[in-house]
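Presented sequentially are two complexes of chain A, the first with chain B as partner and the second with chain C.
So, the complex of A and B:
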């Protein structure tokens, strides 16, 4: 049991970061029916701005994180207004390609800003460890779990309890009906993107705290959020939290034990384990664990 | 087989048809691949032009190589068009099947190396196998893919690309592992299609031989695909694409149709992979898996979306466009100040410019002309058909 705890904590840490990214995908998908491929680039830029605010402007770390989240929320909302709003009513695949184009543009921007260097975000955790249930675990993993879960809980409560959250859910349910009830649907689209951008910045910060720091190529870690959203169901926030945790744990366990117990899987199987789980689950549940089953009519 | 009684006798038919080329008195004539005289003439002219091209002074070896890659991409593009264009199942896993074909070819036709094995067989064995092995895998995956639709399907097939990279990297005996392995030699009965040869006293360049070989394959596979598309199965594909529930209600077997589409598509992808391996010379898991695989899959989506969804000729036009556009960007980059090669310190690299152009073109075509370049051609043709009237 003693040796299991660090593995579980690490898995939960990674998994909650995935969940954070996945919630961003899901919020945009629910509001606009678009899978936002620009999310990885938003994440990298978020990490960059944390680093920029800490080291160039001398802000304390928590302030810098909040400032970076606000910056990325603004960038995301602006992106939606400029690139995605004209795509309303066009084929969804075209809109998805537009987000892919935004990804390329923002990614080039990130390359301009960061270059080929690796930047650190100046977090207070570093590589320190702490005692947890009698085992030594990384502080950073605990920080990841706590921060992600708080952020997701805030988003959840906002959607559930507030007036604006209700309007957002109405938009997700049926845009025309929401419009008829006096909801400003366009503003809801922008707001979804803003929330998603802020969550991406937070996730970028959390990924950047790992020993490696952040280089533009870390963006591709965010691709792991794709199996997570499919596993949880494209339109379920709750689902992406569970799926993120499942996939994080699975990755952590494979990394630790696959070499000993299943060497035939080959080295680095943990990188592809999310995709393997996704395929197996889709065999049983074609709409993910919590996704809404599509009602088909002739 | 006797002719149906109500058809006009051939001789009489010819007399009736003179000056009325689009009056069809028989169903077969209406359904013919080349149903007008203009189509017959221009198809023949195009075929001749492509065959003669290597012997003209325009054909430098580099451009022949480019055109060969166009044909190989066209074969892969036709495959993706069968499953995505005709049957409506969006697949991002095409790169996986292409890679599978490439490594099958390299294993069956290659020589054993230090870690990798090889069977050293000739091309008439390895090329069909390069198609059949991906087809078998495609048939295995298809029943699963048939259960999900839309974005779920796209991301599921994307998962194949990432799993594929892992398999390509770890199964060293077949794939050569991280460093990859050399492509097989295209030899049939001692005749190497990728070598300078003398036939009946005429000296053929290496590039010219391989170019003609790929051309023959493309023509055969394109005609086969076209015939599949206008057969019973092809109509079943279209029914499933347009409304799968309605198709099922009308008695189209949903699972069987989707499985067939995936199987045939994977076969084409595998052949494309086997030939692509020769064009590359050396293949590594990084060519077909992971991120490069994702980009390759998107490239093939661009082939069919830019060329024309659910048309065979569209796939070929699209392949030409997607393969040749980067070459033109490369040439043009010398004259555009802020574009340069990798590491030249320019604002945008050529690779990035290509990415942006492909993305922009896909979006533009999806919105403005969903039928792609082939649709533009149809518009032009119909305009001149009715000229000087507007319709």
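So, the complex of A and C:
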């Protein structure tokens, strides 16, 4: 049991970061029906800005994180205004292609800013370990879990309880009806991108912590959010959380035990596991574990 | 007073849907707008509420004024804020929201302080909704959904309420209930523009009626005059004199119909 705890904690840590990214995808998908492929690039830029604010401007780490989230929220909202707003009324597939173009553009920007180096975000956790239920676990994993869950909870409560959150959900369900109630639909689109950008920045910071650091290529880690949203259901925030944790745990367990129990899988099979799960889900339950089934009167 | 003057609307830059429509809804009254499918009734409402552009429509000519101020260039949120509420055709409630959330979204432009009072008012007017506040709106019956849609529009405290076919798909008894509710809402001080296919119901409560055909107003008379008009009785109320069914009358129908439009 004691040897299980570090594996579980690491899985939860990674998984909650995936969940954070997936919630960003879900918020934009629900509001605009567009899968935002630019999310990974936003994540890398977010990590870059945390690093920039800490080392170049000398901000304390928590302030730098918040400043980076604000920066990325602004970048994302601006992206929506310039690149996506003209696509309103076009097929979602076309808009998704636009987001892919945005991804390439921002990715190149990240390369220009970061170069081929690996940058660190200056987090306070490093490789410190701590005691947790009698086992030694990485502090960073605990930090990932706590920060992700708090951020997702705040977003969830905002959507559920606040007036603007209600308007955002109404926009997601029926844009014309939302308009007729006086909701400024364009502003809701911008807002959903801003929230998504801020979450991406936070996720970028979490991925860039500890030994890893961030290079532009880490953007591809963010693609793990795709299996997560497919497992959780494209339109469910709750689903993203559970699915993120499931995928994170699956990855963590495979990494630890594949070598012992199934050596024929080869090393690094844990990278494949999320996509294997995704394929199974698509075959068995294409709307995901928590995807909304339409409300039908019988 | 809500006034439309000489309104011309074009869809997709080529389809002329409204060819100079003028109508007036005096403050405090119920005005009926009748007409067959495709006459342009819904387009009139879209033009008033600023929902034309999402349907690729555009006002080419004419003005819409609310108490003298032009509102035809306002977008939908500003129109709602100006005091024009709309209940869209087919109810269009947010099926996955609860009844309460559906009503609260209607108050999006209203002052925060007024929400609770307006919720109370709506729940008093529609007691069936109060019983199901936390219920999923999609599971309400058709009549209850229509009441919810009307209640949602009332949450913004509109001075003018536009109703698009509130009787659509409802049983006759429920239609009567909706009709009485419209009268009640009107008595509480909201002017109503009632777009209907159910001419009988609409003319029974309105003070004035307009009849539209293919983008034009073809008749414009006080409701009681329309109710007694032979052509309206025949073509819109389905009533005709006994024993007048021969082919001669069919031709007669065509001739009269042409005259009417």
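To be clear about the criterion, the second predicted complex is superposed on the first by the 291 of 298 C-alpha atoms of A that agree within 3 Å, B and C clash if a C-alpha of one lies under 4 Å from a C-alpha of the other, contacts with A are read in each partner's own complex, and residues count from 1 in each chain.
Simple rule for what comes next: contacts are C-beta pairs under 8 Å (C-beta built on N, C-alpha and C of every residue); 3 or more make two chains touch, one makes a residue touch a chain.
Note that the structure is predicted; figures quoted are calculated from it, not measured.
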(Q) Going by the contact rule set out at the top, does A:182 touch chain B (first), chain C (second), both, or neither? (A) second
Q) After lining up the shared chain so the two structures overlap, which partner does A:89 touch, if you call chain B first and chain C second: first, second, both or neither? A) second
Q: Quick one: classify A:169 as touching chain B (first), chain C (second), both or neither.
A: second
Q. So, A:98: does it touch chain B (first), chain C (second), both, or neither?
A. first
Q.
Quick check for you: in the superposed arrangement, does A:282 touch first (chain B), second (chain C), both or neither?
A. first
**Q.** Which of chain B and chain C A:161 touches, first, second, both or neither
**A.** neither
Q: Could you let me know whether more residues of chain A are touched by chain B or by chain C?
A: B
Q: Please work out whether A:227 is in contact with chain B alone, chain C alone, both, or neither, and reply first, second, both or neither.
A: first
Q.
Show me the chain A residues, by the header's touch rule, that chain B contacts in one structure and chain C contacts in the other.
A. 294, 296-297
Q. How about chain A: which of its residues touch chain B in the complex?
A. 35, 90-91, 93-94, 97-98, 100-101, 104-105, 108, 220, 226-227, 229-230, 234, 266-269, 271-272, 275-276, 278-279, 282-283, 286-288, 294, 296-298
(Q) Which residues of chain C touch chain A once you look at their complex with the stated criterion? (A) 49, 51, 54, 76-77, 79-81, 86, 88, 92-97, 101, 104-106, 108-109, 112, 136, 138-140, 152, 156
Q. Which residues of chain A touch chain C in the complex?
A. 89, 163, 166-167, 169-170, 173-184, 292, 294-297
Q) Of all residues in chain B, which touch chain A in the complex? A) 90, 144, 147-149, 151-152, 155-156, 158-160, 162-163, 165-166, 169-170, 243, 245-246, 249, 291, 298, 348, 352, 355-356, 359-360, 362-363, 366-367, 370
